[in-house]
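Quick heads-up: structures coming right below.
Across the two complexes that follow, chain A remains constant while its partner is chain B and subsequently chain C.
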Partner chain A sequence: MRNLLRLIKFAAILIWSAFVVAPFLWALTTSFKTANGVTSGATYIPFVDYQPSLGAWKGLFGSGGGSIDIMGPFVNSAVVTLSASLISLILGTLAAYGLSRFTYKAGPVGNADLTFFFISQRIMPPVVLAIPFFLMLGLFGLLDTIFGLVIVYIALLMPIAVWVMVDFFNQVPRELDETAMIDGCNPVETFWRVILPNSKPGLVVAGIFCVVFGWNDFFFAFTLTFTKTQLLPVAIVSLNSSVTPWWSLSASALISVAPLILVAFLVERYLDKGNIAGGGK
Partner chain B sequence: MYGLTRYKLLFLLPGLLILLGIILFPLGFTIRVSFSGWDAARPGLDWIGGTNYSRLFADGRFWESLSRLGAIAFTSVILEYLLGFALALLVWRQVRFRRLTRVLFLIPMMTTPVVMAVIWRTIFHESLGPANDLLSLLGMGSIPWLTNSFWATVVVILVDVWQWTPFMFLLLLAGLLSLPREPFLAAAIDGAGPIRTFFNVTFPAMAPISVGALIIRLIEASKIMETVYVITSGGPGTSTETSSYYIFIRGLRDFQIGYAAALSVTYLVIMIVLLTIIAKSLSRYLVKNGA
Partner chain C sequence: MSKKHYAMRNLNVALGGEIHLQNINIDLPQSGVVTIIGRTLAGKTTLLKVMAGLQGPQSGAFTQGETDLLKIPAWKRKVGMVYQQFVNYPHLDVRQNISFPLKRAKFSEADIARKLTYVTGLLGLEDYLDRRPAELSGGQQQRVALARSLVKETDLLLLDEPLVNLDYKLREQLREEFRRIFSQSADRLVVYATTDPAEAMILHGQVIIMHEGRVVQSGDYRDVYHFPANVIAAEVYNDPPMNLLSGEIEAGQIHLADGLKLEIPAHLKKLEAGTYVFGIRAMDIEVGGKSKATLALAEVNGSSTIYHLNLTGSSLVIEREGVHPLAVGTPVAFSLDTSRLYVFHALSGDALVFPARKSVSGQGDI
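Moving on to the complex of A and B:
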């Protein structure tokens, strides 16, 4: 009975793992195919099922006539994601610390309402904002620019930073602040010298979520840029047009998700330390 | 305390003002535009009163997209919750290959949804994709994955489940790992089996985090459109068209800016009301059960 249970458990883990890796394996094998390997039906194992070629990968790294520019969009994506995440993290952490430690009152609006205002921005469907963003960025001449995207992404990411950090600061004992104040620190010094150095786990989790959501956004990058400032997901989806080169598509998809797989390792490390449980409450 | 107000505002205001600036203007602008007849032929802010709104009430395609969105979102989120919970329980007290399985189970939620959707589209390609190829190996006929409205919906849900079950898994596993050990010891001493322990101890203790996870996922699922855009483009016909996608077509494809704005405002209000009701009733369920 116990062995049977263990077998079922093992099988379940195995089946789900296969489901998880299936699209990656399919993309990997497709990335080594040529037109012949694709149009003759589904094939899986190189050398046995089809003759592998490095054509798609060579095309991505710039040699040969049919090359596809993926590195440009990759750099754009990295610049936009990292700068928007950094700014959101700074502003969000400051606001979260304030909301966790001080009492704000403006008429009927209190701390809970302010916190809700920040977090509730996640409810906003991107499509509702897309048209006004388009017109607004157009007005300031920021359409199709890195700077314009960074501004939009800050609105997207700051709620995440506030959400994670308010929860984190609420778990940091207040005695820490009080001791520092008694030692003569003003609130800014307290925050900078005492609280921030003790907030690394929260900052890492908030940072990870910001980077993941920023890197993975498609809709705003798609509606607010044209050709000059292409981000990675847009560049890849545009390959998905009329004549689809499945091999280049697969290779570039793998390049675009590779950095995120490293992020999964980072997140796992913070699981045991109990820094993620707070987020769901 | 001297100057405390100044410090208080120093922390809060930069973030608050920037967010207000980025969000409030677009939102106000959308509301204003929704009362105008702005389209490709007549761009500009005229005033046509509630014409867009009365048109919207008669627009069957919009209401269908809303109920379709509801069906897709609820099915996906419930499946994700059940699977995520099951997976979290599976690896909770696992000893061997612990890191490997956990990382593996987390990976899909980190990957870019549209990019994976492009891959899924090739997988479900009717004649060249592996999905039908594997079915034929099992002796089954091929399924019209993307050209039949039922199967296209199945694919959209399946891709969402693949992508977001890890999110449920992450929050629920983190919750399981933070549970105190004593109740489980007590249950073991009482001689409770694994099933009774789950329903009497584990599940009630996990109720708060479950509610949080369900609400967050419902909010995110209510915005689903990117994967639909890539995998089915809303088709066949309009059979997988969600509300966001329909608004996108009206606004940025047909360039009926005024009408799309009215759709946006209505959609946003409906979402806020529905999600608030769901969140409130789930939380009330929590309180009633003493968690």
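Moving on to the complex of A and C:
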């Protein structure tokens, strides 16, 4: 009976894994195929089923005929995502600490309203924001620039950081702040010396959300740039001309996913110790 | 009182429409021990937070001598505080935890090392200096919190039920240590909040009894014990709480529930006929005698046994020396030592007559 249960569990995990991993395997094999290799049917085993070729990969790095350089958009995406995430995390964490610990009152507007105001920006469909963003960036001459994209991405990512961090700080016992103040820390020192060093799990979660959302955004990267400043998702889609180059698409998709996989492995260990033990019951 | 004594005047605290402290007027000496005693939610913690500067009152004053303490933020006051929960800095080891306030106060490395050695020796933490709080037991964590509040030179040391979350043995041990530790510094006021009257009795000093955000009674720990101002003080400051039985004085006798009749003792002769609340401590009721009631619960508490007896409309608690377990439902004969009866007003609960003071063993030096 027990063994049967184990068997069912393993089977379930296996089926689920197949669903998750299969697209990657498909992309991996396709990225090593030539045009003929792709159109000649579903083949998966290199050297047996089909003759592998490095053509697609070479093309992405600009050596080979009719290719595009994926490195430019890759660097652009990295710069925009990382700087916007970092700034969002800093501003968002400060805002979240304030919203969690201090009482704000402007007429009928209080802490809960301010917190909702931040989160509400993610409720709107992106299309609603695209036109005002386009006009505003145009007004300041920031269309099709890294700087302009960073500003827009901060607007998109900071609500996520605020949301995650408000929730996190609300879990941190207030007695920890109070103890720090009694021990001679003013509110800024309390935050910097006591609360922040104990906020790693929250910061990691907020940071991952920011990086993933920023890195994967296509819509704003597409609407707010033309040709000069291309981000990775736009560059990948633009490979798609009259003939769909499955091999290049697959290779570039893998390149685009790689950094996120790396981040996931690096931060996994922080997510284990999800709470700050010993800070009070 | 000295010129630097603490005074609270007409202090009120309300949070989110809920009244936490109501019209508090107290005077505290510059040094010594003051115990605040009251049930959970009596306002003890809020009172300590006002003293620490962590909670501002809506109205009222809190001064030390000429100084208006309400104008000084918590981080500029010379205050230490220990919470009921063991609050330490999770990211720092024990050594860093204890020296944290000293570093904030810009003490030299040599001074920090000297004070650290002293306080860790006092609290027996020498062997744990390199551990994080999460790696310590509850008792050790609370010692670290206590060390952190003792290590800096503070005018005020606030302790909010510091022993509640510890096990019995450790509680007994630390309770004794507190008396020794608190007497170490002559010019520091220790304010100790607790629900346990035994702790107040062991620490001596002044006692403030709180109930529902108000100060019920304040005074020397012995006086409050012998002369409770009302039924609340009598209940809160006795463990087990004082038995309170309503009854009548009629035709030269005291009539209590279940036809229990008592001769009027000498100190109550002057009372007029009427309805009163009679109070008697659990230890002033003897097992054996002509009155009888059934046992609802018997608990062995250290070296004594406590019987809860059923009476119509109330219960009677008897404390008996030694371990004498009895089955629930057994009829227990008892007799009240009428010379120990307190009398309170039937409606207001204010004390009317006290029995003569008598020395009591086993409850500190009362």
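Before moving on, here are some points about what is shown:
Please note the rule applied: the second predicted complex is superposed on the first by the 267 of 281 C-alpha atoms of A that agree within 3 Å, B and C clash if a C-alpha of one lies under 4 Å from a C-alpha of the other, contacts with A are read in each partner's own complex, and residues count from 1 in each chain.
The rule is simple: a residue touches a chain if its C-beta (ideal position, glycine included) is under 8 Å from a C-beta of that chain, and two chains touch if they have at least 3 such contacts.
Remember, predicted model here, so these are calculated numbers, not experimental data.
Using the contact criterion defined above for the overlaid structures, shared-chain residue A:G98 touches chain B, although it does not reach chain C. Between chain B and chain C, B touches the greater number of residues of chain A. In the superposition on chain A, no contact is made by A:A206 with either chain B or chain C. In the superposed model, A:I182 makes contact with chain C only, not with chain B. Looking at the shared chain after the overlay, A:A56 reaches neither chain B nor chain C. Look at A:V194: by the touch rule set out above, it reaches chain C but stays clear of chain B.
Looking at the shared chain after the overlay, A:A264 reaches chain B, while chain C stays out of its contact range. In the superposition on chain A, A:S256 makes contact with chain B only, while chain C stays out of contact range. Chain A uses residues 186, 276-277, 279-281 to touch chain B in one structure and chain C in the other. Against chain A, in their complex, chain C makes its touches with residues 49, 52-54, 73-77, 79-81, 83, 85-91, 100-101, 104-105, 132-134, 136, 141, 145, 148-149, 152, 165. Across the interface of their complex, chain A is touched by residues 3-4, 7-8, 10-12, 14-16, 18-19, 22-23, 25-27, 29-30, 33, 83, 86-87, 90-91, 99, 101-116, 118-123, 127-130, 132-134, 162, 170-171, 173-175, 177-178, 208-209, 212-213, 216, 219-220, 222-223, 225-226, 230, 243-245, 247-248, 251-252, 257, 260-261, 264-265, 267-268, 271-272, 275 of chain B. Note for the complex: chain A touches chain C at residues 173, 175-176, 178-186, 189-190, 194, 197-198, 276-281.
Listed in rising order, the residues of chain A touching chain B in the complex are 9, 12-13, 16-17, 19-23, 26-27, 30, 38-39, 41-42, 44, 91-92, 94-95, 97-99, 102, 104, 114, 117-118, 121-136, 151-152, 154-155, 158-159, 162, 186-188, 191, 212, 215-216, 218-219, 223, 232-233, 236-237, 239-240, 244, 246, 249-250, 253, 256-257, 260-261, 263-265, 267-268, 271-272, 274, 276-277, 279-281.
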